[in-house]
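Contents: one structure, followed by commentary.
Chains: A, B and C, in written order; residue numbering restarts at 1 for each.
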């Protein structure tokens, strides 16, 4: 589904991502972990189009994303959430979801008039369902800025899902969550995968990552230092060193 | 053949004269770019404070028959004070992220200053002492005007002094630190407000010099000069690249030459239209300007 | 009475001008170009009625079409850059238009008399209303019919997805792109609509005032245009209307005794309001307060 080939990103002198190779299979939940500064967020920004790569390529379902703007990538089916939630604060919860309905199929279905679509009919049903799924059913008319933190996180997730992506990248969605919220998030991610999405999960919260992913890639200083199934990664020495520094025995 | 040679000389003469006069635009451009670089905001009232400085110095000249040096000092000082006042009224108390409100406020400041000047002078143009106007050097077929040369030299000295302050003093260091990372700067104990107000004052100093330079080169001071100077200053800043001092310098000199040639070819009525057209050409092909911080998706 | 009607007309036309800037402000763009489109709309409509003898409605219509197209074209280079640069670009554009008309001449002999725009002398003798027997009341009504229509259209659009998309772009361009909104298209569309509305205002203005002078289309007018929605806030179109009434009614007319000092006050007023209420006088806070106050009043009345 997604292939990253020799991807590099330099910011002035800083090499945030160095010749990165990744392959994500359709239907997988693929984890990306690594210490702070390892290039995880840069990777997300590169795939979603916020940054343009210094070299290398990103292929989505065989097609290169290189020259596409962020919104074009969404139309192709790639969506992402933000680590530090970027909802539209002045819009209501309902509106936040409404403006995100930009998938190719939604645009086709509603034709030219999709931009002018009033708050009704099958659109309303879909959005109400999403609100229901996110536990925000009664908050539709609330301003996004007035939501509690947990609610905002759920809205952020729902908004990305509203674009009906084939590939959804979650950028540290569990940050700041308590155990209950993390369990809830785990459930949500599984639901989304069941609906047919492939998911890339960037995370620090190890319980979540180890429990939910099919494969994990570990980044350090912009390069991949390990890749494999969760169990193997947990045993991997270089991964441990990357996170904890040199072990006492060395 | 003679005609061609004549035209060639005339045109290159225009370029040269415009180049020298362009140093005034360069200073104004630097002023705009300094404030943008430091705070990420545009101070639309900047050129107005520059001219207000020139008016103050003219007042001193009229009432006290001041000398050349005093005129420039008064212009620079009063523009610096005004710059600080503009900072206080239009930038200090408006939330940092709200660029538009601050800019709008500075537009209000522009009107305010413009009106004060119009009322004080009853709207009529006043003559400004022209310095070294009698001096005229002949170099082959060309004539170098003394007043323009003088203005250019002042520009050079001012720019040199500014660069020295920016890169060799603590104040300059502080300004650059705040410009690059204001949160970190604050955490290091630097006062953003005092650094920014100083930036405004320094930009004001530069502007006052530029204002006096412009008035000296043209020989008149009139409130109708305020808006074109603002616009040209902004155009220079944009063409040079927002936040870039070398860009502002080069762009200022370039615009000065360009507009003078246009004036020779098409007359003064159409001159400014071409300067605006030049801006749009740059916006289409090089929106970052010559040296601007790249405005890509990064 | 005539004086009063003139004021009403000015308020109406300035409301349209303010609304043209409002649409752009929704997307977070501060445009000082609206006075430029206003001028183009004014001259186009006037030339069509005076030189070509057109009926006023199609004349204004073609004026709107031309300003819309112009706004569309200007939008592309201008909107590629960040908001602040847009201010410079639109400011420059506005001045360009003014200078253009300062130099523009198109004189035609009609029934032995020379008519048409005359460069620095302006464009006088725009006598459509007089020649066709319009009363002052009819002129005022025409203007305000358009004001009401435009306000209703914008209000309606705000209830649809388009309104939400415009505002999303205004709130966070990056996030908007990330959820699939084509930010460039949205901004250019807003610019075009703004241009059309400004052209409408210009066409009405030209015939109401019967003469055009390049002095009318300065940065001051452009500032008025953007000041209205900034003062009035972007939460509602009514904010712009109130801002126009406030500034025009109070400042320009009611304070006539201040003479030329009123511009000084205008400048100071902008500075003060921006400091006190940077999100505009009628931000969502104020609107909720008004809604609650009205609710209280009504419930007390009923019980």
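Odds and ends about this structure:
Operating definition for what follows: a residue touches a chain if its C-beta (ideal position, glycine included) is under 8 Å from a C-beta of that chain, and two chains touch if they have at least 3 such contacts.
Note that the structure is a prediction, hence the values are computed from the model and not measured.
The most centrally placed chain, judged by C-alpha centroids, is C. Most remote from subunit C, judged by the distance between CA-atom centroids, is A. Measuring from the averaged C-alpha position of subunit B to that of subunit C gives a distance of 31 Å. With centres set at the average Cα position, the gap from subunit A to subunit B is 47 Å.
Averaged Cα coordinates give subunit A a centre that lies 42 Å from the centre of subunit C. Residue positions 49-50, 70 of subunit A are each in touch with at least two other chains.
Partner subunit C is touched in their complex by these residues of subunit B: 36, 40-42, 44, 89-90, 93-95, 98-105, 107-116, 118-119, 227-228, 231, 234-235, 237-238, 242, 269-270, 272-273, 276-277, 279-280, 283-284, 287, 295.
Interface of subunit C with subunit A (complex): residues 157, 159-162, 164-165, 167-168, 171-172, 174-183, 284. The touching residues of subunit C, counted against subunit B in their complex, run 28, 30, 76-78, 80-85, 87-89, 91-93, 95-96, 99-100, 102-103, 218-220, 223, 226-227, 230, 260-261, 263-264, 266-271, 274-275, 278-279. On the subunit A side of its complex with subunit C, the touching residues are 48-50, 69-71, 74-75, 79-80, 82, 86-91, 95-96, 98-103, 114-119, 143, 159-160, 162-163.
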